[in-house]
Amino acid sequence: MKRKLRMGMVGGGPGAFIGPVHRIAATMDGEAEIVAGAFSSDPAKSRQTGLDLQLDPSRVYGSYEDMARKEAALPPGKRIDFVSIVVPNCSHYPVAKAMLEAGHNVICDKPMTVSLKQAKDLQRLVRKTGKVFALTHNYTGYPMVKQARHMCRKGELGRINKIVVEYPQGWMVGFITNPSNAIGLWRMDPKVAGGSCCMGDLGTHAENLVRYITGLEIDELCAELSTFVKINKLEDDGMCLVKYKGGAKGILYASQISAGEENPLNINVYGTKLGLRWEQENPNYLQVKDPCGKVIRLSKGNDYLCKEAYQAGRLIWGHPDGFIGAFANVYREAYKAVRAEVDGKKVPKCDFPTVDDGVMGMAFLETVLASNTSGRKWTKMKR
Amino acid sequence: MKRKLRMGMVGGGPGAFIGPVHRIAATMDGEAEIVAGAFSSDPAKSRQTGLDLQLDPSRVYGSYEDMARKEAALPPGKRIDFVSIVVPNCSHYPVAKAMLEAGHNVICDKPMTVSLKQAKDLQRLVRKTGKVFALTHNYTGYPMVKQARHMCRKGELGRINKIVVEYPQGWMVGFITNPSNAIGLWRMDPKVAGGSCCMGDLGTHAENLVRYITGLEIDELCAELSTFVKINKLEDDGMCLVKYKGGAKGILYASQISAGEENPLNINVYGTKLGLRWEQENPNYLQVKDPCGKVIRLSKGNDYLCKEAYQAGRLIWGHPDGFIGAFANVYREAYKAVRAEVDGKKVPKCDFPTVDDGVMGMAFLETVLASNTSGRKWTKMKR
Amino acid sequence: MKRKLRMGMVGGGPGAFIGPVHRIAATMDGEAEIVAGAFSSDPAKSRQTGLDLQLDPSRVYGSYEDMARKEAALPPGKRIDFVSIVVPNCSHYPVAKAMLEAGHNVICDKPMTVSLKQAKDLQRLVRKTGKVFALTHNYTGYPMVKQARHMCRKGELGRINKIVVEYPQGWMVGFITNPSNAIGLWRMDPKVAGGSCCMGDLGTHAENLVRYITGLEIDELCAELSTFVKINKLEDDGMCLVKYKGGAKGILYASQISAGEENPLNINVYGTKLGLRWEQENPNYLQVKDPCGKVIRLSKGNDYLCKEAYQAGRLIWGHPDGFIGAFANVYREAYKAVRAEVDGKKVPKCDFPTVDDGVMGMAFLETVLASNTSGRKWTKMKR
Amino acid sequence: MKRKLRMGMVGGGPGAFIGPVHRIAATMDGEAEIVAGAFSSDPAKSRQTGLDLQLDPSRVYGSYEDMARKEAALPPGKRIDFVSIVVPNCSHYPVAKAMLEAGHNVICDKPMTVSLKQAKDLQRLVRKTGKVFALTHNYTGYPMVKQARHMCRKGELGRINKIVVEYPQGWMVGFITNPSNAIGLWRMDPKVAGGSCCMGDLGTHAENLVRYITGLEIDELCAELSTFVKINKLEDDGMCLVKYKGGAKGILYASQISAGEENPLNINVYGTKLGLRWEQENPNYLQVKDPCGKVIRLSKGNDYLCKEAYQAGRLIWGHPDGFIGAFANVYREAYKAVRAEVDGKKVPKCDFPTVDDGVMGMAFLETVLASNTSGRKWTKMKR
């Protein structure tokens, strides 16, 4: 019998989009319960969310610094086991830093920071403190993404030559006529979002997905960023030619002005033996493409899948898993590490994105920005 | 601030498929927590599940009768607010009856009973006791099913002429070579499943879905049942020609021997103005078919949807909702009624399947069985 | 080097839909050219079509009787080698009879006749005269239909248990608001179409497709026909429960009032080893469904296909074949028989629908009509 | 009544892939017949093909020079009206030049030449001679491509911001294990194919399709070419970032090593009002994407389409048109111009790709090659 982990949250106050997603994902398997939070930089709003969540008011804080310190001062049997950080991009770093320094395990939304330097700082801090740090690149939680990873890693595709990863959204076109269609105008503001709108929000997911599935790291890239929506102070479309270490090449693009697209993160991997295609909007299937003209559709919940893919399916075949299930899989894996850390045991190797993935993501993002500003040239991946 | 409802469960012990689904669905919105259960007719197993769920051992019972009685004896602030019944078909009736008679609200898995007589008994009992009774025809919880319902009910399709509802599964073919592919061999046993295997399990979902969406009741039908799998003591394939009240006609079929099908519950509704198609395996979309050759794909999470459909989406567009989300929507609606009942208020009209739907389902099933046994003739819907 | 066959045509005058399809299909492989015709019962219209087609005016006839007789009187090196009959249903029989009796080979549109009696007469006449008679159930010409047939006949599906064949159209809904959407209002007139509108036009294609693919003949059926469009004197929707010889069962339905459907003739065949699905609107693919949850998509033009399927593809993989290509395949096969007959050689076994298929189609249609009128009862297939 | 045009052909001898496609496409509407040819540089092979096609042996030539001269010497009522050139890339130029100089109209396969210089020479020659020159960028012949063009040109998409055009094939992976999967190994040989394998064969189609639909010309591009198959002396994968005149941006890629892809030429166009997607492998549909989450599927053969799209459909809705039909549409349009030229009338503006499109294609190809060799830099489109 496992005890429920005690979860704290920073961010996720009234009107937030991703906060509630984290709360459901974190608790849907019954492994954790939220007990503390600093839900907003406005103490009244934080308090209100605490009330809505039926928390003990003494565990609802007006600032994350307060929370970091006071929770750390609670006895081990009471204080939070980990904190979920769901604030806008620019605050990820200070909050995560404070939490790690106070001794808390961290589950953090992406992109991890707003600079590679910050990312490396966090990486050092994680190593130094020995705390758990999970980054919610939630798409890695889908069963069929895990199956794709398995097939690539086992060599079933042969040598991987080409990778096309697509992540076009269109909400910035839609919201002009229908403001309710927007998902966070703060994304357009460099003070909150950091130096990137589209590539930070979407491109880093794409980079992470490629690496999660294929294991390939970018060697160099050539990027072109554009701003089509006038009120946007950052880019709303980005496209990259990419060369991976080892010789594979590919395309990686993301967009927020691709009219009529909702959230299609699609990946195509082409090897010397097989091709693969996975689509986020139809996530329970994986297309395996035989080079002589057969397309085999695998589906989640079947026991021919690899163990990781099979177990990541919450329900049997034909009963669709969704976005939240995948998100919860990241939490479920992170909990293995959190439990070990809290219990003073060796933290096992788990299947969730870490601070190292965050560093890679920020390296990618800074390389993209550098390529774009320096004459759109091929640019070596920053390290 | 809403308090968490206290949930009890009958069934859902070790190895169960649908029990865990109910537990996640019931709790994922943070509106309820499980506090009591009679998880198995084997007290040791029940106890084990109670431990796994970290329940107070005094609230884990060795029999449902015990649970019904003892929970009712607890003070109002402590006893369960409702019980979820997730036992095999043949036990739905006695458990539901005991719970209602003891004063508990009930959320029951489908098919509701194993006979129309039992169903009507429950209907009378629900009316007499004034308790809430929800039946988990979970497919009604999908956002786009609600949108289809809205469009039919508002007349956007014109007069409905034809309905084709399909529910072929193939697991009985698959499990022969791969036993792990089976989902409950008890379904083949009349002592546990009642008089039907395929039509009770799947056909009742199909009948319910048609009625939920279109509002049309069956007037008469002609059924053909078959058993293709030798060890099956009941039917594993059923198909019906149907005439609805008011003049629409259609086909309703279900199967467990349709090799390679997973769980495609699909419905096509054809009116004098528009056609519709919805597919359970791709549930976040609804196809609207213009009679002059345009197919419009609506998707969940968009604010052009009707209010019920929009709210039933747990996440915005492009972030797939799954089976469990739909299931949880049934619970969420039932909670509105449960809260009112517990608080002694008038129970509002809510959007969940009720005991009346269960009666219709059993009437349908008995009509199917009667048609099949009486020379496969057109048979008036039993009442 | 093959000489071009000389083709005559009855029907296909101004405004016809299927006449031009036959002309393209018959000639696209360069194996035949049209040299004679009685294109309309109105001699002026016939003449005009002859001019449009640049025919020798002496070979353009005012009546089919004239054509039958005069062409037969021409010397062997000049007279037509075969005649294509593309008149409305009710005229198929008299025209085909006249042509066969005059010694001409016949390629006839479907449904073959308007009664089983007529069909059997033609069958007798074909046997007596030894002439070639091909019936253009054109959907049998698609490469992936031939692959499906191959797989069924070779036993790759195991024993076939269930067949669902669907053929819903919606043009009768569309044409009410958009008259140009109609494809032949003569189909609603019993004097021209015979005793059936929907099942004669579409249902016979469905019956033929099932038999072509699986080889299974109907043993008995239960039919329900409906008329939803007021001006229609015949049925515009038909649905059947079917029992095949040997024990398979299934559903066969056709419709002209399924709003928004264009021309989806779809077939699902479920065996004890595999399932199959083919869709006419996406004809270059065949879905093969493994009972344990893999769907393999085969596509035309690949050399893993059976010989018949491979050769029926006019182009390699990825270059879509269409309706006319399939239609032309029926002609191409029929030409093998026509050439043999004309050359006085033994007519080989070819892969095209024959007069026997026409007899089966009319037997099916009369059984459907009989079941519907005699209290919608299960009815043995007429012979 | 239109007389049949007299067609000559250069290339298309035994074993050719595209020659037979041209012959069917050219003749399927009954507007032309082949009367002459120089089918192979081997006179015996040319003669054999002439026999197979039942041509007058005096019109079958051993060389294209011979054909150009001798056909020109025939009287106007006998000599060819146009010649189709279906030889490998490197011969397009000399053959087309000889034919134009001899006074023949030309329909030429793509890519038009192997250099921009050659292309401009042909352009000058076409202008000087006033002869018709059509280039078979056959994908422009599809009905739904014409509809997409119509919508873009009429402003229905608003301002176009982004274009993603994809053309991955995988046959070079497939043919390694299955040699019969190859479509012309000459494509790998610079002596026959010119300076490019993948981008010349596929990339030029993609460039042409973008320009045909949107009217946008490339301003500059950044290209990356790769060779993954060892025996290939040219590139088998190419990808470009593109900036169009007027500000739109996009991605254009083509590949021959994308394992398991057959022939998916797909285009996505995103404007400020709508998005569009068309797929060559499912060509009878066009997806129109509303920025607020509706996807409208238009289909060919419906009279809501623009006139050009409607007329390009050979059959009504639901009866799939294929690759050859689209190809034949290019011919059909070219015939309007050929007839006018032959009759000494003003050549009307027709809807087929011309020598100017060929120049643009070669400019594109040379720019791609230049970008790739000059350090993979952004490079202005050559003129």
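The letters A, B, C and D name the chains in turn, as written, and every chain counts its residues from 1.
Just so it is clear, a residue touches a chain if its C-beta (ideal position, glycine included) is under 8 Å from a C-beta of that chain, and two chains touch if they have at least 3 such contacts.
All of these numbers come straight from a predicted model, not from anything done at the bench.
Participant: Tell me which has more C-beta contacts between its two chains, A-C or B-C.
Facilitator: B-C
Participant: Would you mind checking which chain's C-alpha centre is most distant from the centre of subunit A?
Facilitator: C
Participant: Could you work out how far the Cα centre of subunit B sits from that of subunit C, in whole Å?
Facilitator: Comparing mean C-alpha positions, subunit C is 44 Å from subunit B.
Participant: Hey, how far is the Cα centre of subunit A from the one of subunit B, in Å?
Facilitator: Going by mean C-alpha positions, subunit A sits 35 Å from subunit B.
Participant: Whole-Å distance, subunit A centre to subunit C centre, using C-alpha means?
Facilitator: 55
Participant: Where in subunit A do residues touch two or more of the other chains?
Facilitator: If we look for residues of subunit A contacting two or more partner chains, we find 178, 181, 261-262, 292-295, 299, 301-302, 317.
Participant: Mind listing the subunit C positions that touch subunit A in their complex?
Facilitator: Touch list, subunit C to subunit A: 292-299, 301-302, 304, 317.
Participant: Please output the residues of subunit A touching subunit D within their complex, sorted ascending.
Facilitator: Contact set of subunit A toward subunit D: 157, 161-162, 164, 166, 168, 170, 173-174, 176-178, 181, 222, 224, 226, 228, 237, 239, 241, 243, 249-251, 253, 255, 257-262, 268, 270-275, 288-295, 375-378.
Participant: Which residues of subunit B touch subunit A in the complex?
Facilitator: Going by the criterion above, the answer is residues 1, 3-4, 17, 21, 23-24, 27-30, 51-54, 169, 178, 180-181, 183, 261-264, 280-284, 299, 301-303, 314-325.
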